[in-house]
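In the two complexes that follow, chain A is the common piece, with chain B as its partner first and chain C second.
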Partner chain A sequence: MALLEVDDLSVTYSPRDGTPVRAVDGVSFEIADGEFVGLLGESGSGKSTLGNAILRLLDKPAAVSGGSVRFDGVAVTSASEEEIRPLRWAKISTVFQSSMNSLNPVITIGAQFADTFAAHGREGDPATLLDLVSLDADVLRRYPHELSGGMKQRVALALALALEPKFVLLDEPTTGLDVVVQHNILQRLRELQSQLGFAVLFISHDLGTVMEMADRVMVMYAGELVEDQPARAMMSAQLHPYTQGLLGSYADPRATEISVDYIPGRPPDLSRPQVGCRFAARCPVAIDDCSTQHPQLLPAGAGTARCLLVERAGLVDARRARSFVAVRAEAPAVDPVLTVTDAAKEYRGKRAVDGVSFELRPGQVTALVGQSGSGKTTIARLVTGVERPTSGSVTFTGGVDVGSLRGRKLRAYRRHTQLVFQDPFAALNPTRTPAYALSRPLQNHLGLSKAQARTRAGELLETVGLHPASQYLDKLPHQLSGGQRQRVVIARALAPEPRILVADEPISMLDVSIRAEILELLDNLVRTRQLGMLYITHDLLSARLLADEVLVLNEGQVVERGRTLQVIQNAQATYTQELLDAIPNPVTRS
Partner chain B sequence: MRYFLRRAGFFLATLWAAITLNFLIPRLQPGDPAEAIVSRLGGQSQAIDPAQVESIRKMLGTPDGNLLTQYGDYLAAVARGDFGISYTYFPYSVTHMIGQGLPWTLILVGVTQVVSFVAGTLLGAWAAYRRNSRVDSVITLGSTFVGTLPFFWLALVLIYVFAITLNWFPTGGGYGGGSDPGWNWLFFSDAFQHSILPAVSLLIVGPIGWIIGMRNNMVQTLGEDYARLARAKGLPRRRVALTYGARIAVLPNVTGFAIALGGILGGTVLVESIFNYPGLGRMMLEAVSNRDYPLMQALFLFITVGVLIANLLADLLYGVLDPRVRREEAG
Partner chain C sequence: MTTSLPIQPVDTEQAEVAAVEAARATKVPGWFVILWRNRKCRIGLVMLAVFVFVALLAPVLAPYAPRDNSFTASVGPNGSNWLGTTAQGEDVLSQLVYGARTSLLVGLAAGTLSTVIGLAVGLTAGYLRGLVDEVLSFFINLALVVPVLPLMITLAAYAPVKGLWLIIFVISITGWAYGARLKRSQIITLRTRDYITAAKFAGDSTARIIVREILPNMTSLVVVGFMGACLGAIGGEAGLAFLGLGDPTTTSWGTMLNQANTGGAMLTGQWAWLIAPGVAFAGLMTALTLINFGVDALSNPHLRED
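Up next is the complex of A and B:
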């Protein structure tokens, strides 16, 4: 008998006013004692819902609509809350997504350990537990808001191990943390797991991390498991075309020639009945039968897969079906459109940015790489004229000193520096259509009439790949997918015909399967429109794909700069090394 | 510590501004109270005799001199608690009149406010704890329904049913003719009888806001990750609801309550007029309709200071209850 047995489990959301959505559909799997299993899927695939069903934490309107979960011999799905309570935390504990909000804000960390022990009539030493995750015992006297994101995450992990559980469910435990911090926490987790021997279900959209951490990986798509294989086998031979696409979105940034795959389209609408393979519409190798026959999860390779082609031929190859190949020819020496010279910015006597110099050139991308607090965003603010440098200068083409612009002149300058934001959900007014969002800059900066602006807005949407534009002009943001929204945000940035584009982590909130698509779009726009682009990121791989030149920032100072490939291949600064090490590298796992 | 000092400093600055505004605003108003009194005494037809106006002005002690000396005198008087003579209740001083009205208002509204807050918060928490159950529906729908009824209508219905038709309680006033105000049993029981209807009417509408606020806050906090994690930790359900739900959800209500306490005086005009209750609210109405500037000014100042003190208390209390606030202010 396995530790956890999930049998034909379905979870349905039945909102009062809306069609029911079957978010988890007939999922079966087992996890053995001490096994480390990854569950991979993009947003909306049902992976977190599945996790909540296992923990019996589903809230209305979600409910188990079929199948069962057994944990350590107890029927979790049918037991009463009082029967479940002794299981909770003593045998099955969890760390939630990012954990930023999973600690009670008004009581101390110590109190949160204490109530956990008290609820189970157990005694324990929180200081030892904190020591496991490399935290000082004085954290116990602190409140959650006094800790950094990484520290809170460590606390959450220590808390999860407090009662020595047999099973820990980790739901995106490091999303939203800095790459280096993320890397350290996951390392520690893996060590603790082999030391203490608990089983893990590790839920993530981040394939690189999952592959690196897990013994066995399950892939979920549109509510179903589509593949389940040992990590090592999946690494050398991915069965399902979806998995192949996902894995293709990773690459070693140190490689001289580099390309990444993407999967266009979006998952199906699960409130409608599904016929055929749910991935068929996005699958590059789908055949006619795929849209009419629903494939079963059948043994294949070293595990199981849900694909008609695998079933019939034993093997499919969907790799490199659609990929973004980064071509970085030696960039021509053109005059810069913006020059930053020895710029510094102080806030209350603290230097956020110190002695930074770089140029933005038309048709080229300069990447700023660094973790949060390194001064990336302050530099973006200096470039856009939102902040003035404390010393040094920011000079726009034609000798315009950006730091001294005011009023009308500053407004005129801002037309030339447009922003693409990190969160496409927050960057668009939820009550306004793309037509409106795009018309505002057109009318304000270019003085177009309403009718002209609408026509131009349509053209812009086509430019960013939303085709036909008439289908998107009058939608509201919530009717668009994350990728589509980010395209609208990019179109809006292009609207006033700027010379400079500042993109602040434009892909970090998007699903892995579509990131490369957005990068390719940005790349095209920069080359064809001769924009100077400042690309801000913490991710060296995307910098490698997009940028001609890279500046690595640490604590407000440039620690390394140069041609992207050179910097990455011969990283000198320790900080750059750390960033490189932090990139999950499934391919070279030992 | 720094948080508390900052709050206190802010309080003093606002207090000074409020006192100053209270001094300036009546002096910017058109019209002369002395003339108004003369014309009321003599009727509309008679011409106003300047000598009469002057003598009334003397009698009322209307201030003269330039604005700055007036301001100085005013501050000194406020510090002494001297607000002059009431025009309406001549020859009583304003301070005396406020002293007369204050206990009535404080007891009636103070007690009902505290009871409303406690009851409303508990009911709201219960509704959130039993979310989507019948208890929740009854509490939520019931309070929404009662909340839509106009207060004066409710009060009039109570008077009609319990005072006029059933004759259980008096229709209004603070005490009956048979008793004299003083420390005796007869007066207390009489005053208590008179306070029941106004108190009940206040208690019907009072908790509504707290119920709805508390329920909605707590439904939200119970849906947060920390509350879900507390459930996953196997904490007993009631403990999750208290420490991880109510404890956090009550915070905005505490601020609201302190501010509501400060607003007691302003909020009693309606209830005291309907029940003809001898408190400050009714006094304010009379002061306004009689252009009794000294009384009005003193009452307005009273209200302002009340709100300010309540705000200070709310801030201080919030600092104790919510560790997050202390940090943000310090940083």
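Up next is the complex of A and C:
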């Protein structure tokens, strides 16, 4: 008997206003003692709902609508709350993405460990547990607000392991942390797992990480499992076209020629009945039968897969169906549109940015790479005129000193400098339609009339690939997917016909499968519209794909700079190397 | 100066989206759909509707004119005067029916006025921060710590003009601060949103950003504040009138209580004269409080009874 048995589990959301959505549909799998299983899926695929169903944490309007979950002989789905309670934390524990925020802010870390032990009548040594996650014992005396996000997440992990559970469910445990921190925590987790022998279900949207970590990988799409294979087998031969597409979004940034895949389209609307294969609409190799016959999860390769083509032919090859190939000719020497000279910015005597110089040229992309706190965002604020440099200067074409602009002149300058934000869910006003959002810069900066602005807004939406525009103009942001929202954000930035585009981590909150698509769009726009772009990121792979020039930033100072490929191929600074090592790379791992 | 009341800024953005959504689906205004679904709120809405109905149709519903003193004075409930008569020989029931007009009018007018003052001060302070915030926050805090009832009594007693509108003015001028504080803390959380930065880069003016970008994301909070202000205003008017500082020419529940007190209702055993305005007050206050439960659900999806 396996440790965790999920049998034909379905979870349905039945909101009062809408049609029910079956977020998890007939999922069956088992996890054995000590096994490390990855569960992969994009946002909305039902992976977190599945995790919550296993923990029995589903809240209204979600409910299990079929099937069962058995954990260690206990029927989790039908047991009473009293039967579940002794299991929780003692045998089955969890770390969520937001677990760091679940620490009680008014008591010390030590007291939280004491609480955990007391609640279950157990004893243990918190210092040893902290040591497991590479934290010092003096953390015990500190309060949560004295720790960084990464440290808090480590504490959450240590708490999850405190009662030596047999099973730990990790739902995006490191998403939102710095790449280097993320890398360290995950490595430690893998070591701990093999040392202590607990079983893990690791839920993530990041294929690279999952493959590096897990023994076995399950891929979820639109509420169904579509592939389940040992990680090693999946590495060499992915069965489902979706998995192949996902894996294609990774590449080695050191390679001289580089291209990444993406999967156009978006997952189906699960509130409608589904016929045929749910991936068919996005599948590059779909045949006619795919849209009429619903494939079963059948043995294939070293595991199982849900694909008609695999069923019939044994293998499909959907790789390189749609890819973004980064072509970087030697950049022509053109006059810069913006020059930053020896800029420094101090906040309360602390230097956030120190002696940074660079130029933005039309049709070229300059990337700022560094982790949070490295001063990237401060530089963006200097470039956009939100902040004035403490020393040094920021000069816009025609000798305009950006730091000294105020009032009307600043507003005029902003016409030329537009922003693309990181979080597409925060960048659009939830109560305003794209038509309104796009019409504002058009009316204010270009002086168009309301009707002209609406026509132009439609054209802009088409430019960023939202076609037909009439379908998107009057929607509210929450009716759009993350990728569509980001396109609207980009369209809004383009609206006043700016000379400079500042993009602050524009793809880091998007699903892996569509990131390359947005990069390709940005790349196109920069080249065709001759924009000077400042691309801010922590991700060297995307910088490699998009940028002509790269500046690696650490603690406010440029530690390395040059042509992107040169910097990446001959990384000198240790910090650059750390960043390179932190990129998950399922393709080259043997 | 960032002391704040124990009020957590809530995620009002989600609420507005839900309201807009619900409206698109049903053609009825979205906020109403959500309010109506909440059982407590539904009871409150029905109760309030009854009060509004009575107030609007007072001349039709009231058996006599409120100032008609042609009846036997100080009698208990009987066949022709269902709730008895006052010491001046007026019909208590008719006064009660007409009194609903005054209470609702004061609630609506003073509630609106103090909400508007609170909005203007709170939004300006919260959005502009800096020195403006310091100065405005000083006045908010001042208005919060000044004992309201003595101030109202002083203002009402020494004002050169008398009348209902004076009462409304006094109540508004003493009751806006709490709402201003609430709105200030909410706008502080909203003003750093990316979409506000985007609006600045789109060239929108500060006033437009506040009205078109921020305000739609906190309407539920404004409504809660308005209901609270109405409650306070109705109570305030009753208090002033009971103390004899109201407008003696208008009939309100407060003046009824005042007259019942001075007219010796307790001594003559006219329980209805005393209890009726009290029950009416309690009913109206309960209605507004129940509706506020629904408005809470509007601004916090977790409280919805789905």
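By definition in this document, the second predicted complex is superposed on the first by the 585 of 590 C-alpha atoms of A that agree within 3 Å, B and C clash if a C-alpha of one lies under 4 Å from a C-alpha of the other, contacts with A are read in each partner's own complex, and residues count from 1 in each chain.
Heads up, the rule we're going with is that a contact is a pair of C-beta atoms (placed from the backbone, for glycine too) under 8 Å apart; a residue touches a chain by one contact, two chains touch by 3 or more.
Treat the numbers as computed from the prediction; the structure is a model and nothing was measured.
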Using the overlay on chain A, decide if chain B and chain C clash or can fit next to each other.
clash
With the two structures laid over each other on chain A, which partner does A:Arg88 touch: chain B (first), chain C (second), both, or neither?
first
Applying the touch criterion given at the start, work out whether A:Thr431 contacts chain B, chain C, both or neither, answering first, second, both or neither.
second
Is A:Lys60 contacted by the first partner chain B, the second partner chain C, both or neither?
both
Look at A:Pro273 in the shared chain and tell me whether it touches chain B only, chain C only, both, or neither; answer first, second, both or neither.
neither
With both complexes superposed on chain A, which partner does A:Gln418 reach: first (chain B), second (chain C), both or neither?
second
According to the stated criteria, A:Arg440 is in contact with first (chain B), second (chain C), both, or neither; which is it?
second
First (chain B), second (chain C), both or neither: which does A:Pro496 touch?
second
Where chain C runs into chain B (options 91-99, 145-153, 181-189 or 199-207):
145-153
Just which bits of chain A does chain B share with chain C as contact spots?
60
Could you please specify the touching residues of chain A with respect to chain B in the complex?
55, 57, 59-60, 81, 85-90, 93-94, 96-97, 99, 101-107, 115-116, 119-120, 143, 145-146, 156, 159
Chain C residues touching chain A - in the complex, by the definition given at the top
13-14, 16-17, 20-22, 25, 37, 193-195, 197-204, 212-213, 216-217, 306
Given the complex with chain A, which residues does chain B contribute to the contact?
132, 223-226, 228-237, 239, 243-244, 247-248, 251, 321-324, 327
Provide the residue numbers of chain A that touch chain C in the complex, in ascending order.
15-17, 60-61, 384, 411, 414-415, 417-419, 421-423, 426-432, 437, 440-441, 444-445, 476, 478, 489, 492, 495-496
